[in-house]
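One structure is given here, and the rest of the page talks about it.
Lettered A, B, C and D in written order, each chain numbered from 1.
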Amino acid sequence: MKYSFKNDYSELCHPELLDALQKASNEQNAGYGLDKHSDAAKNLIKEKLECDQCDIHFVTGGTQANASVISHILRPYEAVLSCSTGHINVHETGAIEATGHKVYTLPGIDGKLTVAEIEAALKYHQDEHMVKIGMVYISQSTEIGTVYNKAELKALYDFCKENHLYLYIDGARLSSGLAASDVDFNQLKDLCDVMYIGGTKIGMLSGEAIVFFNDQLKSYFRYHIKNKGAMLAKGYVVGIQFEAAFKDDLYFKMGRHENELAGFLSNELKELGIPLLSESPTNQIFPIFSKEQVKKLQELYAFEIWEPMEDKIAIRFVTSWATTKEVCIELIEDIKALIQ
Amino acid sequence: MKYSFKNDYSELCHPELLDALQKASNEQNAGYGLDKHSDAAKNLIKEKLECDQCDIHFVTGGTQANASVISHILRPYEAVLSCSTGHINVHETGAIEATGHKVYTLPGIDGKLTVAEIEAALKYHQDEHMVKIGMVYISQSTEIGTVYNKAELKALYDFCKENHLYLYIDGARLSSGLAASDVDFNQLKDLCDVMYIGGTKIGMLSGEAIVFFNDQLKSYFRYHIKNKGAMLAKGYVVGIQFEAAFKDDLYFKMGRHENELAGFLSNELKELGIPLLSESPTNQIFPIFSKEQVKKLQELYAFEIWEPMEDKIAIRFVTSWATTKEVCIELIEDIKALIQ
Amino acid sequence: MKYSFKNDYSELCHPELLDALQKASNEQNAGYGLDKHSDAAKNLIKEKLECDQCDIHFVTGGTQANASVISHILRPYEAVLSCSTGHINVHETGAIEATGHKVYTLPGIDGKLTVAEIEAALKYHQDEHMVKIGMVYISQSTEIGTVYNKAELKALYDFCKENHLYLYIDGARLSSGLAASDVDFNQLKDLCDVMYIGGTKIGMLSGEAIVFFNDQLKSYFRYHIKNKGAMLAKGYVVGIQFEAAFKDDLYFKMGRHENELAGFLSNELKELGIPLLSESPTNQIFPIFSKEQVKKLQELYAFEIWEPMEDKIAIRFVTSWATTKEVCIELIEDIKALIQ
Amino acid sequence: MKYSFKNDYSELCHPELLDALQKASNEQNAGYGLDKHSDAAKNLIKEKLECDQCDIHFVTGGTQANASVISHILRPYEAVLSCSTGHINVHETGAIEATGHKVYTLPGIDGKLTVAEIEAALKYHQDEHMVKIGMVYISQSTEIGTVYNKAELKALYDFCKENHLYLYIDGARLSSGLAASDVDFNQLKDLCDVMYIGGTKIGMLSGEAIVFFNDQLKSYFRYHIKNKGAMLAKGYVVGIQFEAAFKDDLYFKMGRHENELAGFLSNELKELGIPLLSESPTNQIFPIFSKEQVKKLQELYAFEIWEPMEDKIAIRFVTSWATTKEVCIELIEDIKALIQ
């Protein structure tokens, strides 16, 4: 097999992060995220967010982050509202429900929730015989590679604030999502109550940074992540990586790199007349091939089968921080050979 | 501050493990623990356990491992029995109860459960108005540094089997625990139903290996760890470390090293007439100093305050894979100066 | 207000049940459902089911029954499949999710699940990144008054058995549901794994009888209902009522009575040219009136607003064991006056 | 068997309550506790509490009340503190833990918690590695028949308020508890944040009235009881009974009656030289007999075996609203014959 476009977590981590870990290998550091590297990382993130007052916590994985944040925010009878394609609804094996909460889903448009739908859902939930909608979950980028633009995010958050809903952004692929939208990192503080900055899918060994902007949600979250098994004894392992990724622009560079290569693939495919399932500006693209073409392509490359369609198949190519232009060019050449 | 004896997770990881990570940094690996390194690590562990049929799963932390295993085994109305000093009872912020289960505690002797106590507890729980005791949780070494010897473990497990209880060993410090007991690693398969081999506290960045010996408990555990937020996208990060630690004797060497230095400290302290709170053969020791001595010692070293006693204080020194003989000698010298 | 057609639980209980309670008022009875009346009631139900081997448990309410049964059957990572209109999905304020389980929904047809949909759902759920579908929940009659016929139930249950899914029937309105279908009470043992026989909505003060047919699900259910707060100290209060309702045909008579009156209303409305939202053969019917007509009708009768439609409104009339022919005739007369 | 002293829920309900139900049997009432009887009952209770501002909710059973209240008050990482003999710790089959919360226990004195113990427990719980103590659970009367006097309750509640703990009183046997203490019903509003007034063990078919005094705890509790399966469709069944029990002094009369008969038994037993396990002023008493005597007594009466002691056995006699002086005299005569 030449290369895997299966996902953006096939490679260990960016060399600069591994170097940073290497450099710290003779240190002793305090446990549970109370170390100097975690502090430094938090300060760097706060600087780039232009937000002194937020609270930041490092955990290991996205499902952990989602389950911890959502169960921290909601009361037992409250539900989280998600697009039906949302990661918490489809791909977390009931992790949110395991904390006691319904994931209430809406169809969305292009993988994104709209204010109109949420408004209708709130009207439908009027009394104690139905769950109370307590918060809204979205992701940037979404599960199908699309992004919310600034106006959309602002409209969502304004509506949430008016209606006593908390807005939470799952940023598993935040770097790629931001690079493809008109939303700047330092604007996020005004566009949601809480988010997480994904590391696992953006060049780290593992690690996500949960950021609380809303003061009302901050209290006792350290108790909560311990209660959910998400507190790391060696919190500094994640802290060191975030410190290195945010010291200069590395975190954002990786997202831009991913999008550029995915954009290159996307354009080349279109020129070759290969249809795409959706118009994704981020690091996931969904070309549609015949079954036979897919079979042949599988001999050379790894990728996800996304959606079987009558006699065709939509597949998914994901680019990562480690994907090179060369391998992308080679892929296109191989596809050219395939379709002739 | 000269050195921290506060815990065994102050240092990043053993250099051989970091090397192994470095070597894999240009690879692409499959996600979710389905990669070649995880496979190799599992095979190495199975070899050393002399047990082909066990199932092994890697997760990031001890609380995660405990909550995942316990909630996998128990039915909703069942409780886990633990020594009152047990980690799941005292230091996991209700993580087990968060999965819906009572931690039923017994006082134990020297941090260890006895068959007699468990038998009495079972007699006390006779009908549906009380929880059903479904399993027994112990750790090797225990929270206070003691170890179960082989006869004790065998008696416990025999009793558990006769009484339809599952026995689970928390091996957060298994390497140190085994090095101090007459139990061999390859005997564990006959002494419990499930255990975890701790990595975070034994020289790894993070990572624990859950091992199911009992066939009845194996099914669908991958679903369960995903449901509990404990499945790592980059499972190979843990796999690579376990592969390196079990390729030769490294995992066991680290435990022996810890115990040797703790034993050295223990002996020296006794010779100096410093009383110890308990007779611990593992890497945690609990000397008793006057309040004033503790205060002066805190200027030079970091350590846990374990138990305030009238006019004295029991403190805890923990040695790690990275602790050197030199720093231990220096500590003893400083204590000598202190008590003169 | 002349009369409430709002639901079938507006009246205390059938006089024969109140008499039975009165007769037992000087007795002493054992607690927790271990009394002679509960035993007698269970035997009567078993006789009518022609099923000696089933296990029967009395609880107070439908949500309790559903939450207890579903959380008893499922493992933590498993979901229950329901029609999107299902009571557990819409009207239980997240009670199933509160026990840790996802309610996975399918649109259904006429409020009923089809084998084809379930088959597709199973195909979609193939690995540990998604919940495992563990059981199927249906109700007889459904939330919108329709019923499964015998062939439909058999097809569902056959499919479930082939695919290792448990089938559970919510019988909140079982008496009315059976009276409107070709399914006999004694055939239910071969058409599902577990069900509950509703009392609260069929003439009792409160009380539901959970019936386990499948041996694999029977163990320790008494522990489970206690764990879910559903075990009654005075279990005999429910036992006495079920004894009286099943001594002769009373339970089934009440359902037939309800359906007859609802059928009368349905026919009369059709003759008056009033459209009905659905073709319901049971005790719930859904006529569609203009907004103005609804407003006027509300001055005379109580009923639920079911579904606002452009310029019309679908409302719900429910008949109960206590509804009389006279009041139904009067309602029709009032509607006649209204629409002229 | 002559009579059962096994518990105070062996008899259906007080005749006045059954009469009240009978009288309402031709009415139609609104569902879910939103009916005129529930309103009237709440008003009567508020009058007797001299507290207009409290919120009252009716549920069916004690475990339900406890689980609903406790999980409503606590955040996920918080624990409820209870005496180790507390009902929620021993006799609810893990129902509190099933809602995700640890029951943290203290030994207490005579079944009652002391301020000193709670203070020590708070000191012990200082950081996020241990549960946060969020509330204190006590019962009046306690599991072993003792009562808190007013000074004790005040001291507890003062301490709780100073330390941001909520105080909850389980009043399963409140009528008997108050009758034996110097605490008046109308003083309870100043002695706790929330309590429940027990009906099942005090002459009702079933039913408990949860009373929230503290404004901070009131919001959305109707959602919460629905979420926990504790909302009754026919809420008026409980409302009617509480209305009848509180219209005049019936509820309090029943408790006094129980205590008088238990006191009579207690005194007579002492005169006969039969030792009592504890000094209980309420409706539960714990005489100690030889094994042989117990065996003979079991031929005539039903009662609980409370605590096996070397060669003797402590048993429990409970008097109820329905117990007569005659049967108590007969019991004493039979015991006289037994011990001669």
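For the reader, a short list of remarks on this structure follows.
The rule is simple: contacts are C-beta pairs under 8 Å (C-beta built on N, C-alpha and C of every residue); 3 or more make two chains touch, one makes a residue touch a chain.
Small disclaimer: the values here were computed from a predicted structure and weren't measured.
The chain pair with more C-beta contacts between its two chains, of A-D and A-B, is A-B. Relative to chain A, the chain whose mean Cα position lies farthest away is D. For the pair chain B and chain D, the distance between mean C-alpha positions equals 42 Å.
Between the CA-based centres of chain A and chain D the separation comes to 50 Å, rounded to the whole angstrom. Mean C-alpha position of chain A lies 33 Å from that of chain B.
Counting partner chains per residue, chain D has residues 76-77, 92-94, 98-100, 128-129, 131-132, 223, 226-228, 231 touching two or more of them. Touching chain B in their complex are the following residues of chain D: 76-79, 90-94, 97-103, 128-132. Considering their complex, residues 32, 71-72, 75-77, 99-100, 128-129, 131-132, 220, 222-224, 226-228, 231 of chain A touch chain D.
Of all residues in chain A, those touching chain B in their complex are 3-4, 6-7, 9-13, 15, 18, 21-22, 24-31, 60-64, 66-68, 92-95, 98-99, 200-201, 205-206, 223, 226-234, 236-237.
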